[in-house]
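Take this structure, written in structure tokens, and hold onto it; I'll ask about it next.
Per-chain numbering from 1; labels A, B, C and D assigned in written order.
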């Protein structure tokens, strides 16, 4: 690991909690250079919903590369892109009644967010975007301005403007009516809030601590946007592609966002890929008004199209995700019940589940212990007080139980150590 | 092509000039679905310096994928990342006496630029960044603020601040001394320019019209930065990885930037990959202060390391690039000399060469004619008045001549059509 | 009035509601050029707390001018300035235990606010300033950014940044605990609110609709600021100089702001004059770091010092103001009780009192009718739904009753007309 | 002077160079409390063009006050305001063919500038305003953003945006053609300068060091603005009201700005007063969109109207100003010629004249010596390297010579001391 310490910047982060060198991976298992294996309940922060190196995607990818098809084509038309667009329309959009245009904004989620924000501002001629407490949307300057985390905001080096933060579902005391504050601001011409271009929201806040917005709240938000002629952007980068069950995480709330960002598990194989989707009448872009070199990384289009065909032509994956989500939830509640002396909270939706501790030290110690026992679980929340579980959706029940056993033991050790 | 028109956003651009569906590619040749072949003097806007699907890189990539090595690992330590860091240090940094730290800022050039700007502001505690007329640094909000193009700036939807534009080398009348204006602003406490955090510059402006900064000018700029304690950022995203001869385009000027951004041809195979490099004592990042999902796309690390080993352990490629650059330059001057009645300019450095026409219509007609004759050449410059040549560095002399013959014919047709 | 319509900009406002040419004024009475007299319950929007042309101040002013004393001296030391500073310290600051430094920021309230904001940001090194819904602090760019009114904000022509709006006392539903939202934002490192430099608040919002903050709320706000190391700015421009009883409107809440702005009635005679006050240890200004031509308009210093001596060396005025305030309140409640079929609200503090109607049309018709009957009353509130009463503090009880009789009649006529 | 040191903020400035307490003033002479008299070549930084306490204005003012006319009337119609508008139109606007609307933006110059900037942005829908090196326009946030001085800019505490600084006439090397840089930026869609709303310029930079723009340069600037549909704002706050000869300083260049700001000597008696003037078709304000308490300080309207009648109904004052300007210029050149070993520069226009020293220490020592000998002269320029002369226009030739004799002696002493 010397080479990393000597050459890589201090900014590196995940490797600090998991100080080993990984070499191989398959499904929900990782292997390091010492031959030790790890159950992966992290899944590339939601990038590997179908597990590591899924054989069907792998075959499609290697075939594509072997035959000297187009790898890099900027935004030229290619056969792989045509196939992806067709598959995305037929498998994802049409069955859900979504008449979206598709933009390739660049390879990463922040590109999708930046494009969404620019488009919303261009359409409305307004600047302000509403974001929510503990929202996370990326590190580029536009995306960072709608991200809550103060340490990351501080990294900007310039004031982050044109955004206003509002309370996420459940943020206040549980007594204050939803949207009391936001609605008051919008309806009062003396409120000091300039009329917003858009609202950007996650249905479940992943980095923010696995905070789950209720369907009622999401519908209320969508209604408020409609009422006030504000565009609704759902950032589905971490929760999309089936993480909460359906392909888009907002489906179950019965809302149709004006703009959607999606990335992470979209290629299905960890290949950089992101999309910005929007209603057809919002497609006011000039040709080339937003561009970028890696907009058309064709191997990602290939695996993405294959993943759609393999996983999304029936409802099996979505149903299985909900079932497994309940399994994880039940086990986490069991762990919490074991330690009632310690304040904790179990929350989640589908296969994003979390065990939040009142005391962030317990969460940290649990994650460290889990790592030493061969289980990868990430932190989340403003104080890293959350143990966050994002197993591949394809993890077997047996491996889920195995990982949760390790987690249960790790919590026990952590609490004992700290008491 | 119907699927693209129906589903893809209006923002698409390159495909508009080259309306066909590409399927295969090898070296400097592309093939479309109708079996027509194209000489590629575009090379993914500088992403394919080693040509399409180079066999050595292809083999390394397929082997890596076949063996179920880590594809996506965020910023965890992996064997592929260790190898890349080692190769980058031994082959690139050490021989050039560069003691840089390496940051993986995300998969695309704009991520590298955003990280560079944030770091420069964090280090200095200042906000303003100096950029240059017709500079291009990307479409995310931070990068866009230092980009010159008014159409792209207009897409931001918010005012772009914390930046000041200065004349690039040769921008003024050729009489005004270099840096007269910038130096005056810096030395005068009443100038209205707040002390800058950094200067961001391209050694050759690719998108801006193949404007080549002289070594003298670059050295003058570096000296001015040192004198005024301003950080020098060289954006080497398009001109690095050997495009102008040496690995870094700034080497020949004998300057050492404080911060360097690099991307495009870094993976050598069109895989999304970008780096931000900076002097060791500038590594003031907090862990995780800048992050992102696709920071560690391991297949790109594999092809990048292999490309370094294959192309950069001796000086052959660099020398060949200079030689071929002269070949292209000579041929372009020949074409220009054929049409002295039409105002034109030949300029470039190494294997980035351009034929600029006073009349943008000639440039447009030339590019269209070239496409119909099976040659891809891009536009550049504020009015798209430039025919820009970025052939793969590995293009054979024969194919260079073949492409330049097509270009010569295309210019003839274009001028004739328009007269 | 033709000259005004021909030459003066459309931006003129008060004259539109009171379309006559005024010529003379004394105490609480104005006279127009047709010899008609008006009871003035407007008092220059709170600038004439001691009435028009008070004889004691008039004598001091004319004497000063007659003797060719310094009229304009920028910020040179003058005898008049020395006397003012001495009187202000001895009569205002010392008896209240306030150890403030005094800055002369320019002649108008917005100068005082701009200086306060700059100082708060300079001291803390932070940018964000918290303001409140329906707050009003002035029209210059810094002050406008913390002002709520959307029409006035829209006049800026640039986005107004570095500010965040919070709910004023009583803004929400009366159920939500005070500061629940602000406290959550401050205590949560993921909230998206960058740590503020300061809070700026009016104890009673004058332009915003005569919204009265309770003592409890003000104390809670002061405590929250202390707890989080945020500077508390009280903008006492309209409510200071005795409008609510005590010299400073915040005295009764028992709080000591870090910074105070004061203007309007400070000179006591309608002469432009403003001050920014701050705790001694906050005086981190460089000499000349904030300046301006009319910082030392000496005649205003003369009348201000005389006003302090005449009105503020005992508690008579303050007590009388509270007594008269109750008189006005009782009469307004009587008027409201007469029209229970129409939604209305009586509110105020000391001699700022208001009758707010649910239907802004009633408020507008009342003001128009009052004008035609010889009474000047202003509008306020985001929809101008408020009839705002700011009579001179020196108005006799008889004239108060006379004006209120006219108001009562005007309300009757207005309601009748509109039903 | 103890009271000032104890109670007044550190921000005080002029008093530091002139540490005495002034009490009386008449014409061009000030008296301090010790009975010492001073020749005033400072004139309230250009506020007292007609000298201190001019008897004609004094009489009008005292009469007005004595008769209990309206002192403070916000923006209500008053007889005094009507008279001022009429006089301003008949004496100033009509004879010069200026069809301006008149806005009362507040009592100080920065209010006039803020209103001008807001209006220009509102009209054009653009944000950027071009200002010039060493320009000075005020301390409120909008005005400060177009001001050059780095110390004063630093006081903002937030980044100052939406402005771009350009070289003032003579700023560069005297070889570079005028507007080469600005024109290039405007004509090049890739320059990085967003299309400006307006240019704001002083014809002579007062605070910036008495830099005089040539008529050719001003005309060139006006033409460039017309050509590019950019509004031209002339800030005539310090140079207007006859300082350079004609009423408006831009008259001699034969240009007609779109917007003009004027203040300082407008009331003629040191009373706070400012105007924003603009072409009739630019009057797009909504009623009340820009407001403020001290917009209608009627005594200032009275003295202003009287000053127009007294000084501006013939060309005598303007001619006399030019003649006296030459007198001062000749004397300053004489002083400079006495000290050829020391680098100096004489410059100015009308009755704003300056002696600039290469070595700021000589300028400082000269001013200090002059004060001790009973002459007030101000500093200017980014390094305070300028001795700035702004005598009242009404100063007698004898007193001009007397003051210049003192100045000549002071320079001699200063140079001797420092050598």
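One rule holds for everything that comes next: a contact is a pair of C-beta atoms (placed from the backbone, for glycine too) under 8 Å apart; a residue touches a chain by one contact, two chains touch by 3 or more.
No experiment lies behind these values; they were computed from the predicted model shown.
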Which chains does chain B share as contact partners with chain C? A, D
Farthest chain relative to chain A (centres taken as mean CA coordinates): D
Please report how many Å separate the Cα centroid of chain A from that of chain C, as a whole number. 49
Approximately how many whole Å separate the CA-defined centres of chain A and chain D? 58
Chain A-chain B separation of Cα centroids, rounded to whole Å: 31
Chain C: which residues touch two or more other chains? 127, 151, 158-159, 161-162
Residue numbers of chain D touching chain C in their complex, please. 1, 3-4, 6-16, 18-26, 30, 33, 44-45, 47-48, 52-53, 58, 61-62, 65-79, 81-82, 85-86, 88-89, 101-104, 106-111, 114-115, 117-122, 127, 138-143, 145, 151-152, 154-158, 161-162, 197, 237, 263-264, 269-272, 276, 278, 283-294, 297, 299
Of all residues in chain B, those that touch chain C in their complex: 158-159
Contacting residues of chain B [partner chain D, same complex]: 127-128, 131-135, 146-151, 153, 159-165, 167, 171-173, 175-177, 180-181, 184-185, 188-195, 208-209, 381-383
